[in-house]
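The same subunit A turns up in both complexes below, where it pairs with subunit B and then with subunit C.
What follows is the complex of A and B.
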């Protein structure tokens, strides 16, 4: 779907920098220093999510057993968007209703909205994306998380019909092509 | 809100009881009862009756207010049913339009803008800064997200404009997806937005714009201070007018749209938006947002603005349009009040606001004029 659309402008051979060739690993680009003091560090590198869900708009949601979740965009979306040049983040303390816009990503003159598939309160944002938006291209599913949300009700995730599990999301991607 | 919508047909009926229509008037009414003017009575149309129609629609706005046009575009986009394409044309009175994630202090010569009393707008799509005037037509092509393509609509424009019999300049697509003449002069700038299930590609098309004014509005020199930010930078390009008539251009692109999207079951409808068209409340709400300081200036991410004069170096740190911190390279009494004020209050970053707290008149005029020409 979006893949075909964005493709022509997204990556020109000339614009690939050596650091971008590592896109598919979870290694950080050299420009980004892993922040072990960040409150999200243990979520990203120590704890395992109890649920890992996806939306048809290509967001992912990793839910942890303290009833919080990390929201970001999938590897697929990150490739489809092309070079990310700006990330608009929500603010800590923002109230989010299911379906609300939680931020946006700009790439190649396009502003793409990011939606939250759950309701809750924003308790953390990934400040690193403000200075280095390209983290979203390098490592969208770990270091490129966008918002940390305290869920109103964890059952909303379990019962949601809009949220796909990994297998269904992959099928959805195949169908989309 | 819901209640209002429910009420409105009833209200409409209530108020329409007394209104005579053209068809109801006989010769006697016209002559003897002085009701002749009702011949010109036209029932006002409402934009909402078209925006959700399940057929391709071309909206041509006859309005020139940039705030209203951008708000109508946003409304049509939000209200469109998926899988029924929309095309909108609008021509704005002179204004400068920055991209959603840009910094006005960095992109625009605010001094010239304020001198010419030209409005500044921040649009909802990405990309760089453009200048609109009556010699420039804006188009907006809205479609499903799954059909989003950065090039397709510009190709349609190129094909149709090149086939106009009196077209003077052949145009083509460059590697960035911009429309340029064969000599490489840009005639159109594009920007895009993607939301749940839908997307639009809109752009400008230079027909007979005042390019010298455009240049002055967008060129800044280092004397006005150097801005460091993470906002989106505009890519400067050499530009040119196509010297076509507005109607010619609109008609040729409309024909292209009809060729592409009209089928026997799906006729293209053309709707003109003029002053008589009733606009929904959402449009007025968006106009207010587009006019607000918080959106135009406040939606700018952190930046620093550095000024140097002789041996003085002054750095202003601004976040969300508010001056947060002032750094001066030497002890300078002139900035004592400004620093004190900024440490305790939010100050909207405008020339006159900052100048107001600088005690030396000469310095205060200089700073105000550098920031945005207001002192």
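What follows is the complex of A and C.
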């Protein structure tokens, strides 16, 4: 649905001021940026992922050399959804199989489920999204990560035919347009 | 994988050939994201505003909604009252000339075929607006009902139909007419001219479907020149009053009417729901409740009023967390018994939290705690009265 409704060419990238989301957010989203105590901080700001993959359903997966991955939604998905009003997260310790629902992202007009493209165990969740869902509008691909997953088998990512690299994902967006 | 699970409710199904309204060009120029809706290409959002921005804009300033996809009807002839009072429960003798009222087209079982606004222009001269999504069905229904009457003329037409909604609507529109708009109250209508539109007779109604004060203009657009004029009027409103007026799409239209407790056909209203179940008993005036009243489904509807024999009713629901959406099941507080279902729901930009409309077993009162099943989990909710946001209609 996202694919057909919102074409990238018709969406302007703009910054949403926190004041425009006053009904939903009570905290300035920027206060969550650079939280050095977060166990994911080094993944987000210090380590380089060894794989950076995308799905045709507009999720990204950043895989690190400790066999863990951060899962989130792409900039394109974030714009297509519009103002994010609620994010439902999985729980730490949840066992997930490839294709399982691990949460959802809601806007005023719709709810979109997030399905995991890999199998593993949830070892971290981005609680900041519960209080400040608009982080997903500001910075979906870094601070707006959704789940941190310990992969069962890193080969599942490397050998996957469903996961696109950045270039293929961008071609896919163009074709989709 | 990100897949949108709730998408049908706004956009309907796409059709091979989508129609365009007279204001189409303006939507595209203004960055409207066009989607198929009831056979038309309609703007869902404009790229200058997010859904929440556009919703809040209408509650505080002025929003322009293109509603040209709705179908306009004219009825004339001595039998038009008899026809309209058979297919709807309205009492046209109570309606002053140049006034309008909400009503419903009814089938033989008292179910709602469509909701409509009926305006009296003369003793035997009526104007009606019905929903775009029900066009074909409504026209067939009215035609077949009209066969029972002789002195009756019914025709449909299209024009640029423009809803101007929001607290500053009068302030903006007054700049274009000498007619004193402060004397036209909610439900009243008038034919007038608007300065940028030359001598064209514009039908103005003080009405709307957002809970805000506002107007609905029917601007003739059957010729190329008329279409050009209506388009230029739309653009003039936006460009001359940039701090007050913005075009608003379908997305905010839905969240505004939901907060205002208004029904959307296909969601709160359907052919197996009577107006009594829909909490619209006020559409049947006292004068039409006597036993000799005859309108479609009257025996069923009057029985429901007299014996309070309905078991469910349309009511509000509020919640926190994930939003209730159409089709979610509703359970009692302990979760042991299914008691209803959600017909529309979304986060409320005006109030925060989520608001929804639902059909719930009448036994469960306003203020009761309930559970709403969303994505397999039962979540807390409360039964609320409608509307969530009180209507600010312009009344004497």
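Keep this in mind: the second predicted complex is superposed on the first by the 147 of 177 C-alpha atoms of A that agree within 3 Å, B and C clash if a C-alpha of one lies under 4 Å from a C-alpha of the other, contacts with A are read in each partner's own complex, and residues count from 1 in each chain.
Please note the rule applied: a residue touches a chain if its C-beta (ideal position, glycine included) is under 8 Å from a C-beta of that chain, and two chains touch if they have at least 3 such contacts.
Worth saying up front: this structure is predicted, and the values here are computed from it rather than measured.
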| item | value |
| --- | --- |
| Which superposed partner A:131 touches (first subunit B, second subunit C, both, neither) | first |
| If touched residues of subunit A are counted for subunit B and for subunit C, the larger one | C |
| Which of subunit B and subunit C A:66 touches, first, second, both or neither | neither |
| Partner chain in contact with A:77 - subunit B first, subunit C second, else both or neither | second |
| Subunit B versus subunit C as contact partner of A:115, first or second or both or neither | both |
| First (subunit B), second (subunit C), both or neither touched by A:88 | both |
| Touching partner for A:171 - first (subunit B), second (subunit C), both, neither | neither |
| Partner chain in contact with A:104 - subunit B first, subunit C second, else both or neither | both |
| Contacts of A:58 with subunit B and subunit C, given as first, second, both or neither | second |
| Subunit A positions touched by subunit B in one structure and by subunit C in the second | 1-2, 5-6, 12, 57, 85-86, 88, 104, 106-113, 115 |
| Residues of subunit A touching subunit B in the complex | 1-2, 5-6, 8-9, 12, 57, 85-86, 88, 104, 106-113, 115, 130-131, 133, 176 |
| In the complex with subunit C, residue positions of subunit A that touch it | 1-2, 5-7, 10-12, 16, 20-21, 23-24, 55-59, 73, 77, 82-83, 85-86, 88, 99, 101, 104-117 |
| Complex contact set, residues of subunit C against subunit A | 1-7, 10-11, 31, 33, 35, 44-45, 47-48, 50-53, 55-56, 251, 254-255, 321-323, 325, 346-352, 375 |
| Residues of subunit B defined as touching subunit A within the complex | 99-101, 124-128, 145-151, 175-177, 190-196, 230-232, 301-302 |
